[in-house]
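Shared chain: chain A. Partners: chain B in the first complex, chain C in the second.
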Partner chain A sequence: MPARNVLNQIKERFEPSILRVDVPSDNRLFLYVTPGVVRDICNHVFRDLDARYVVSIGIDDRPYSGQFTVAHNFGFEREKVLSSILVNLPADDPVIDSISPAVPAANWAEREFRDLLGIEPVGCPSMKRLVLPDGWPEGVHPLRKDFSWDLKPAKFDENKVFAFDDPPEGCVVVPFGPFHPTLDEPAHFRLYVEGEIVRGCEYRGFMVHRGIEKLADTVLTYNEIPMMAERICGICGCVHSVAYAQAVEQAAAIEPPARARFIRTIMLELERLHSHLLWVGLANHILGFDTLFMQSFRMREPIMWLCERITGNRKTYGLCVIGGVRWDITPEIKDDINRILDQLEKEWIAAAKAVQGDRNLQKRTKGVGIADAALVKDLGLIGPIARASGVPQDCRRDFPYAAYDQVDFQVITQAGCDVWSRVLVRVLEVFESIRIIRQCLEKMPAGPIQLQLDDELPPGRIGLSSIEAPRGEAHHFVVTGEENRPRRWRVRAPTYQNLQGIPAMIKDQQLADMTISLGSIDPCFSCTDRLEILDIKSGDVRVYSQQEIVNMTRRV
Partner chain B sequence: MTESALWAIVTGVANVILVLAAAPFCEGIIRKVTARVQSRQGPPIWQPYLDILKLLGKEDIESGESPGLQRLSAYLSLAAVLTLAWFVPMGAAAPLTKAGDAILVIYLLTLCGVSTLLAGLAAGSTYSLFGVSREMMAMLTLEPLLAVGVIVGAVETGSLRLDDVLNASVYSLAAWPLAGILMLVVLLFSLQAFVGRVPFDTAEAETEIMEGPLIEYSGPKLGLFKYAQMSKLFVYCALLVGLFAPWGSQWPYPLALLVLLAKIGVLVLLITLVGATHARYRIDQAIRYYAALFVLSLVALTLALVGF
Partner chain C sequence: MISKLKEAVICLKAGKVTLPYPFAAEPVPARYRGRPIFNVERCIGCGGCANNCPAREILLSDVCQEIRIMRYLGQRCTYCGRCADVCPEHAITMSGEFETATNDKRDLQQELEVFMGTCQRCGRCFTAPGPLEQLMMKGYRQDDLPAGRWVYKSRSFLQSEGLPDIEIELD
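Let's turn to the complex of A and B:
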């Protein structure tokens, strides 16, 4: 019982402060503790038990228990346990000790629940506004249950500007973003530059935060949310919809059919394939090496066609529902997948060889954007960043989900801590993904792909789900609720943690290395911002058939 | 005298027309070949002509700190290159060899770079200033290379007169023209940097500092800068050919021109392939590379001085 073992270790020191314990399975642990010990217990878990910080969540539970709740989530990788340390706070005075002094990685998450729920993290080193726009009035907290989802606060001040810190002595301020050719989405880095050397920076993002978490607990229903969740990100959408579905399934103790779990695995790996190919291309574009950029996009294209063949879309697959998936993989599609994977493998071997032997690329990426194991630990950095710093961290192996416990794969690590190592990790992971998909196709059992759910899901249960997205761990936290929708759904995309590492990674580096350092985390600001995109087409002049459009865009 | 002046004007104008006509074509070749290397279809080869026409026809927006200076630098950039064309042999002897010497050519080369600096300074945005500082660093280490190349020729011939310096006089009469060959190697290795192409496009670096000095430019002014860059590439190639590989330039007019164009074509292909197979260097890495070349060029100069 790994979850029990973790619990006993914590009990050794904090037994009297633990109010309630919930161990729903071998690999989930929920601890309710008294507010006074939260910093100590998190410090103990983070430093002594060496758990990885995942995210902190604020919950407005007043309509149900009359209290606010804060959850600090940690992942115990050795024990394969995901845990939540929960604290209930009084409704009239929601104040909690900040854990950021002990766990630096918690800074953003604490500022976020301060912004959105008005829960005050006392002692947090930086209390600046993170999520809400500058003009948003003080004391109005949109994620509180008494705040209507469509309310526009009356005292919104359009003219208010964010107060940045003063730049250090002798530095010029270089505004990087919100719009910059290497930023696909808006985010603002205020760089403090001395000559060509970056001495520091301040980040202001969340410019396209649209609050889909609010929509989820007020407007959408359980099975509508996966469709919304995959619109969080244009690249790893499937990750979010699967992570959400798994969190709900775990909370309600639903086990989706085996075939559905294999199909989820296949789609997640296809997504990793096209995401990694995209990244290798973009990274090279940032470095001015456009030939490899174009070539990797060419190799990526058949994967997109394959996804379209399986789901009807290149992206946003509409794959996941609670208790299963919506698209099956037919024998013909299976042959297609095998054929395209063979082709990709052949081409990628050549590409990988070209990348690995390129001295010019190494010159630009070695020793650049350093994130060592200590930084990875402190800021909770994840995914290829962690693996490129020699930290063998991979949710697929650490917290197995879908069908990952039934396939064999390697966790690729490198020891360089720099951009070059991140390039190698991603280049080599492509081969592992191909291996995983092949094994899935081989082992996938016949059977239904969806579970018939006859009963209402039980309210008030907590579900945690971590998925290894192409950029790192995507973590979803769900509290089930009434009226066919969750009470609280919190998304922690990988970039949310990795972006916090950027100031340390670009400090004292050349300005020219800033873009590739930022690029090396494969930033996905929309994930961070949890954005909703609306595409409005105007004035339809002529309707093209699908085949016509395909003919116009493709040369097969 | 008047007749030779007239002749100089005719050939000079012919050179300018040649540069203006052929430079976008070279750009078209670069784009097409690059696209082929990248498994792309690529734009039609005449696309750069259309691009320039389009830019020239657009609204002339005044943005940036000092519009007057910005306009001036746009004119200056193209003017400097086209003036340089009067001193470079293109199918016939260089039109203005009698009016200027090797030093003037070096000045004109520098003026091309100065116009970029002016453009960036006049625009006054943070990113353009970064571009300016990078361009300045590159100029300081790069321009001496070409100067040394010309001076090696001058040393070999004992004269700064252009017509003497040109026509391959960089190769001394010694059995092993070491200085000339070394200079040829140095300049071939720095050609990419002179024309500001990947991996040495640090001053513009779209993905880092968003075209640097040109960030505030659009419409006709941008068109002029682009035209100047294309022309610069053509004139630099012609100058390199004039200095190091002028064989065939004595032939009758159309033949000599065709030979020149063929040689320039080879250089353009070289530039394209290097550009398509490299990532951009950081400015410090680029400067270190230039510095190494500069040391080599000084070695070449010393060799020339002692008679090799």
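Let's turn to the complex of A and C:
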């Protein structure tokens, strides 16, 4: 019982403060603790028990229990346990001790629940607005249950501008983004530059919020959300739809059929393949080496066509429903997959050799964008960033889901901590993905691909699910609810954590290396910015009013 | 230097890979999910598609006692194919059409007028009891057709109250 072992370790020091314990399975642990000890217990879990910080979630539970709830999620990699430390807070005074001083990675998540739910993290080192737009009125919290999903706050101040910190002495401010040639999506970095060297930066993002989480707990139904979830991200869409479905299934104790689990695995790995090929292409493009950019996109295209043949679409697969998948893999498609994988493997061996020996690439990427193991631990960096820093961290092995417990694969690590190591990790992971898909095709059992669900899902249960997306761990948190929809659904996309590491990665580096350092985390801003209602372009040159933008973009 | 040669070989081996797309379209694969096509002869008006559409693109409204109108808007449709999945009569097929850019959004709309039986008690539309009961669909809705708006809260069950113009004869 690994979850019990973890529980006993925590109990040794904090037994009197634990109010309630739920251990629904061997690898899930839910601890309800008193508000006073939350920082100590998180510190103990994070530092002494060496758990990995995942995310913090604020929940408005007032219509059901009359309280707010805050959940701090941690992953115990050695024990293969995902756990949630929950605190109930009174409805009239939702105040909690910030855990950011002990767990620096929690900074964004705490600022997010402060913005969206009005739960005040006391002692948080940075209390600036993170998610809400600059002109959003104070004291209006869109994720609270009494805020209607289609409400627009009356006192929206179009002219308000974000207050950036003053630059350090002797530094010049270089604005980078929101619209920039090497950023496909909007985010603003305010770089403090001394000569050619970046001394620091401030980030202001969340410009493409789409209100997805609010929509999910007010309008959509359980089986409509996967179609929405896969539109969170343009590259790892399937990851989000599978992660959501698994979180709900885990909460409601539904076991999808074995064949469905294998099909999920195959699609997730196909997605990793085309994502890594895309990233290698884009990284070369950022570095100005367009030959390999073209070639890796050419090699990627057959994978996209393959996905289209399996699911009916190149990218948005519409794969998951609760309790299974929608598309089966027929013998003809199986032959197709094998043929295309053989072709890709042959071509990628040649490409990988060329990349590994390329001096120009090495000169641009070695020693750039350093993130060492200590930074990875502190800021909760994940995926290829962590693995390129020698931290063997991979949700497919640490918290097995779908059919990953039945296939054999290696976790690729490199020790360089720099962009070059991240290139190598991704280049080599392509071969592991090909291996996984081949094993799945071999071992896939016959049988149904969807479960017939006759009963309503039980309300008020919590589900956690972590999936190793191509960019790192994608984590979904679901509280099941009434009326065929969840009460709360929180998505922690991989870029959410990795982006927090950027200021440390680019510090004291050449300005010209900024783009590849940022590119090396494979940033996906639309994943990170999931859940808002309005967005305005605010910032450097001119502020457009929302009406002006609407008039510009829409023909009435 | 050797790696540059290797990269050149990769490029040479690839040859020409572009397709003459706008002039000659590649055939779409069998499972391709293009624009959904609604078949009025098969539709029984159960409203399952409308209740399962994630984008709320299918509206329905009863214009009189016998006619139910189903309107597919086709503007926000993401071609996910859930409507075709849940249709008990296979009246919806995901076609191979993907070149749907247009100047007039009405080009994408489809509207079905479905003849329904009339309930002798409440006067509202219903189909033959079998399929509706099988589906357990809470189908009855009054979406706002002129404004093209989906109505957020749909009533779950057929209701007899609220219809003052119909008198129910009691023996």
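Definition applied: the second predicted complex is superposed on the first by the 530 of 556 C-alpha atoms of A that agree within 3 Å, B and C clash if a C-alpha of one lies under 4 Å from a C-alpha of the other, contacts with A are read in each partner's own complex, and residues count from 1 in each chain.
Criterion: a residue touches a chain if its C-beta (ideal position, glycine included) is under 8 Å from a C-beta of that chain, and two chains touch if they have at least 3 such contacts.
Note that the coordinates shown come from a computational prediction; the quantities given were computed from them, not determined experimentally.
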Which superposed partner A:295 touches (first chain B, second chain C, both, neither): both
Contacts of A:284 with chain B and chain C, given as first, second, both or neither: first
Contacts of A:197 with chain B and chain C, given as first, second, both or neither: neither
Which of chain B and chain C A:224 touches, first, second, both or neither: second
Partner chain(s) touched by A:453 [first = chain B, second = chain C, both, neither]: neither
Which superposed partner A:208 touches (first chain B, second chain C, both, neither): neither
Contact residues of chain A, present in both the chain B and the chain C interface: 291, 294-295, 298, 358
Touching residues on chain A, where the partner in the complex is chain B: 172-175, 180-182, 196, 284-291, 293-295, 298, 358, 360-361, 363-364, 510-515, 555
Touch list for chain A against partner chain C, complex: 219-220, 223-225, 227-228, 231, 291-292, 294-295, 298, 301, 305, 308-313, 316, 318, 326-327, 347, 350-351, 353-359
For the chain B and chain A complex, residues of the former touching the latter: 34, 37-41, 126-127, 130, 133, 198-199, 201-202, 205-210, 276-285
Residues on chain C engaged by chain A in the complex (per definition of touch): 2-4, 6-7, 9-11, 14, 17, 29-33, 52-54, 78-82, 85, 94, 152
